[in-house]
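What follows is a set of structures for review.
Below, subunit A partners subunit B and then partners subunit C, in two separate complexes.
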Partner chain A sequence: MMLAVLLQRLAQMLFVMFGISALVFLIFFATPGSDPAARIAGKNAAPETLLAVRHDFGLDRPLPVQYVVMMKKLFVTQDLVSFVNRGLKVVPAIIEATPVTLSLVFGAALFWVLGGLLVGILAAACRDSLADRILMILSLTGVAIPVFWLGEMTNLLSQNRLHDTLFFSWVPALGYVPFRADPIGWFKALLLPWLTLSLGFIGIYGRVLRANIVETYQEDFIRTARAKGISETRVLLRHALRMSLVPFVTMFGLDFGALVGGGALVTEVIFGLNGVGKLTYDSLQSLDLPVIMASVMYASFFVVLANAVVDMTYVVLDPRMRSH
Partner chain B sequence: MATEPAFGLALPTSTGHDEQTDARARGPWAQALHRFSRNGSALIAALVLIVVIVASLLAPVYAIWIAGVDPFSSNLESEITLGGERLPVLAPSTEGLGIGVMPIGPTWQFNAYFLGADEQGRDVMARLLYGGRATLLIGSLSTAITLVLAAFVGICAGFFGGWIDRILSRVLDILWAFPVYLFAICLSIVLLNSRIELGPIVIDSSSLIIPIMIIGVIYVPYVARPIRGQVLALRKSDFVMAAIGLGVPPHRILIRDILPNVLTTLIVFVPLMMALNIATETALSFLSLGVQSPGASWGTIIRDGQSLLYSRPWVSTAPGLVIIVTIVALNILGDGVRDAFDPRAKLRP
Partner chain C sequence: MSAPLLDVRGLSISFAGRNGPIGVIEDLSFQVHEQETLCIVGESGSGKTVALLSMLGLLDPLSSRVQGSASFKGKDILSASRETLRQLRGREIALISQDPMTAMTPVHTIGWQIVEQIRAHTDMSSRAAWNRAIELLGEVGIANPRMIVGQYPHQLSGGMRQRAMIAMALSCNPSLLIADEPTTALDVTVQAQVLDLLRRLRRDFGSSIVLITHDMGVVAEMADRVLVMYAGRIVEHGPCEAIFADAWHPYTWGLLDSIPPLDGPRPDRLVSIPGSPPQPDKRPPGCVFAPRCRARTAICAEPPPRQAANGRDALCFIDYADRQARRFGLAENMDQPA
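Let's turn to the complex of A and B:
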């Protein structure tokens, strides 16, 4: 039974991957307006380049063949090259940039889970008081701050205006430091980007967790727990919080996947971290279509995969999920 | 019912009792309006939004009558008089190697570069107001597109079921799993770099229609899925069963029983989707994938200010503050609208 559900989920994942790849393919190769060869070759490409692109991607053949050729270049032979940035092998470039994005998102995830738990539990513990209201308004503001703007303001203070003060004198110049080369430098380079990226999520997770805990407080088992004389702290942490964590975990899976798959793009750009998002952004500026296509495809496949893994974990962990 | 759910022991207050008698006397719309009008923070949020909207609408008044500037053309040589002193809008740079220009900083006077100028000597205050027009226009029109498409898809899938539902649900699955920013990047890079000709309609790449369409489409699954679920639930509800039993034709059930219920859900989505769409528009414009230069939106101005961040920080700072105020207000308004239509929803996230 469980196996059947897992297989069904797997089939659904493959279907969605196919759908997304077909959609991306159609957007780039079959939208009217301009020649796909010209799009792939970049601005003002030489006629020879255009001819080579046309031959390479099989653009004179039917659309399904073109789709297969592109997918093969992306995932099987992985020999897609950039024409704007001559000689750049696209897939290795993406793989090389991945650790930067993962470092950024993992660290930020740690901050936003801890921060979200703290805000949510505190607000729920003193619900409807002034402290709760202030926390909720702050969370809402955190959600509303555009992350690219927050990054700019962080840079303005930490790199420029307050750089020579006690608070920010430790901040290194913008850019990424590999963990293996210098763990402390890695931490210093990423601390502010982590905080910047996590602030909005702390707001969202705090608000959702508070709402869930408050809702759980209405359940019968909470009344039973109170009737047994368990302390209020224990009721909150051991009973209400535990139930409220289920949607929290679901959201985390989705958001984590989405951040690795492109959501961290602006943060990488602002802080000069050369991850997959920065790679995508740079190729957007130079209209380097092969890179954009590849990073979009890899990133969205990662998101789909991450969501499927989260779902399957539920199937394994929660027997109730197996019936669907 | 409307009292706060503290411990489940809260006694019904007199207001709660009034509302129950109201429920019989008034329709759901009047009830919602009544509840909304007593929600202080939602009213304040609405007021803030009205101020932002009116200020944006008055952008030409400011640009022409008060500041006397053209926010869309570069202004490299002009000078202004400030406190009896003649100042160039763009002075030669004194920092670094001395190459490039240093735009004038904030003067904090409404008639002369209140927030300073950007690198092309354009009045940032005037651009901020015009940018508000673009951002709010894109935010509201894309919300309208999202809601209309989502309602159509959700109602079709939920009401007709069968193969229509299966196909639409699969399409929604795909769009749902496609990360929104990547989807938007794909669409904008193709649409912004080609002129689109659909018969007699020609859409230029600088047209606001492009970001409106893109943002309107990418969020359809977020609304269509809950609508489909609601329609499915409604179809099994007693009053629809009763209508079917009475032999009421399907189109009448759709219009009289399903639509009014879906409509309140859609209204609850309006402010929240607007907040989401404004955030998306500013991010896309910041990435140069939304409103194109020389046009202005709040995201575009932050982008313009990026190279001036350390020397003229107000160019980027001001639009960010306006975005935050607008999005916070929309969210508070959204919570108010939701509570007004469905007080029980207060408990849910």
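Let's turn to the complex of A and C:
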């Protein structure tokens, strides 16, 4: 039963990804009035490069063949190269950037899920009190602070002004440390980026969760739960919270997918982390088509995957979803 | 007679409104005795549910204000601490809600929810509590309790859910069961089964029942005593047979006239009470029912007296001598087109 749902969901994922790849391909290869060979070869390419590209990508053959050739280069032979950045093998570059982005986003996600839960539950538990108001104002402040400012300020203090004080003397130089090489160094290098990236999300998630719990409190079953004589904490955690988590999970799927797919760009650039966001950003700067193409495919994969996980989480959260 | 199980005196409840507090319940006094079924009747918005929820401390303390006194087994419950109330709820006083479709938490199984209540009040092990849940489900007439106990509320029909609710309410052998329109959301055949069940439970478990309803048919079947509420006040109170035989208050006449007769000629249309109950902030200063009352006179602009005799009372000016004439004169008037 569960397995069937899972397989069905996987098939859907593959279908969606096929659709995305076809769409991305068409945008780059079949836009009227532009020559894909010139795009791939980059600005001011030599005529012989253009010829080579045209032959290599099968651009003189029908569109479906071009699509297959492109997909083969991306997924099977993985030998797509960048012409702007001579010799850069695109797929290995993305594979190399992936752990950086995944480390950043997974860590930040942990902080913002725990932080969001904590803020939302605490605010809902003492709703309409002073503590609730303070928490909500702090959350709003967190949402309002832009990541680029917060990141730069963090760097200014931790790398520069206060670097020699007790507070920040542990902070390593900007950049990524692979987990396998040095787990502690990995943690130290990423802690501040995690906090920077997660602050705004904690604010949003906390506010949304509080609103949903307060709404769930209007339900009949909350009255039943109270009438049973169980503690108020139990009413909140075991009866109100579960149903209130559905919008929380929905938002998480969207945000997480987008961030892994390159949305953490600003944080990556500020903290010198060469992740997928940074890679995409650089390739957009130089209109490096093969890299753009590959990173869009990569991003779509994570967005689709995150949403599939979200759909499965619904089934765990709400037994009413299981019968469909 | 022994001391009443629940003794409510001078209960008034008001909610915070835009222009100061709005009185919803005014000067409510009633008693519930051991092993008795008390029916509280009235239209929607007459304050039946609010009055009973206040007993359980389930009104929002920020927006509501409760005055008066209520004692349960001799202990004051309106001023009791949260912890005292928590121990009372579910164990001594249990609640059955109106709509079984929304009254159970959708994410936990029936058994989980019953076990939760048992374990909140006793030291029973989870396994013993689970077995007790199966036993309870069997006692409320569920045919295959072993299967139902592991199911989620949405997998059961309305009647089954209401039975499960009742099983949960009974799990700690409460001395008082508050049933808030337990049959309103159910099919007629299921209604009869649930009422049967409640009657049988009162016999077997010896609990008292407060049954909130607006269905005079349910009242006739279940009640020992009846409270008729209108706009936050008790307008009539007395033993069930006495009220059905000879109602004192014109509002009760209206409620009784709205039951279709089983024999005799069929009326073209049932008699209804014109208009609707006043909003809590727009109640008339004299008799609250006066604007809708067909027997009203000039004196009804004053607050009516509470007339009491033979263990019953009514909040009305019409006295014993006038009653029959006023009531049946009224019924004749109603048959004529206005």
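One rule holds for everything that comes next: the second predicted complex is superposed on the first by the 294 of 324 C-alpha atoms of A that agree within 3 Å, B and C clash if a C-alpha of one lies under 4 Å from a C-alpha of the other, contacts with A are read in each partner's own complex, and residues count from 1 in each chain.
What we mean here is this: contacts are C-beta pairs under 8 Å (C-beta built on N, C-alpha and C of every residue); 3 or more make two chains touch, one makes a residue touch a chain.
Remember, predicted model here, so these are calculated numbers, not experimental data.
Chemist: Just to be sure I read the superposition right, which of the two partners does A:D128 touch: subunit B = first, subunit C = second, or both, or neither?
Modeler: Both partners, subunit B and subunit C.
Chemist: Let me test your reading of the model: by the given contact rule, A:R223 touches which partner, first (subunit B), second (subunit C), both or neither?
Modeler: Both partners, subunit B and subunit C.
Chemist: Touch check for A:M312: first (subunit B), second (subunit C), both, or neither?
Modeler: Once the two structures are laid over each other on A, A:M312 reaches no partner at all.
Chemist: Report for A:L88: first if it touches subunit B alone, second if subunit C alone, otherwise both or neither.
Modeler: In the superposition, A:L88 touches no partner, neither subunit B nor subunit C.
Chemist: Counting residues of subunit A touched by each partner, does subunit B or subunit C come out ahead?
Modeler: Comparing subunit B with subunit C, the partner touching more subunit A residues is B.
Chemist: Taking the superposition on A as described, I'd like to know which of subunit B and subunit C A:T31 touches: first, second, both or neither.
Modeler: Only subunit B is touched by A:T31; subunit C is not.
Chemist: After superposition on the shared chain, which partner residues are touched by A:L118: those of subunit B (first), subunit C (second), both, or neither?
Modeler: The answer is neither, since A:L118 touches no partner chain.
Chemist: Is A:L195 contacted by the first partner subunit B, the second partner subunit C, both or neither?
Modeler: Neither subunit B nor subunit C is touched by A:L195.
Chemist: Quick check on the superposed pair: does A:L138 touch subunit B, subunit C, both, or neither? Answer first, second, both or neither.
Modeler: In the superposition, A:L138 contacts neither subunit B nor subunit C.
Chemist: Touch check for A:Q285: first (subunit B), second (subunit C), both, or neither?
Modeler: first
Chemist: Once the two structures are fitted together, what part of subunit A is touched by subunit B and by subunit C alike?
Modeler: 128, 223
Chemist: Any idea which subunit A residues touch subunit B in the complex?
Modeler: 12, 15-16, 19-20, 23-24, 27-28, 31-34, 39, 127-128, 140-141, 143-146, 148-150, 152-153, 155-156, 159-161, 207-208, 211-212, 214-215, 217-218, 223, 247, 258, 261-263, 265-266, 269, 280-281, 284-285, 287, 289, 292, 296, 299-300, 303-304, 307
Chemist: Using the touch rule from the top, collect the residues of subunit B that touch subunit A in their complex.
Modeler: It comes out as residues 4-8, 170-171, 173-174, 177-179, 181-182, 185-187, 189-191, 193-197, 275, 279, 282-283, 286-289, 299, 302, 305-306, 309-310, 313, 316-317, 319-320, 323-324, 327-328, 331-332, 347-349.
Chemist: Hey, which residues of subunit C end up touching subunit A in the complex?
Modeler: 53, 56, 58, 62, 82, 86-91, 94-95, 97-99, 102-108, 113, 116-117, 120-121, 152, 154-155, 165, 168
Chemist: Would you tell me which residues of subunit A are touching subunit C in their complex?
Modeler: Residues 128, 219-221, 223-232, 234, 238-239, 242-243, 317-320, 323.
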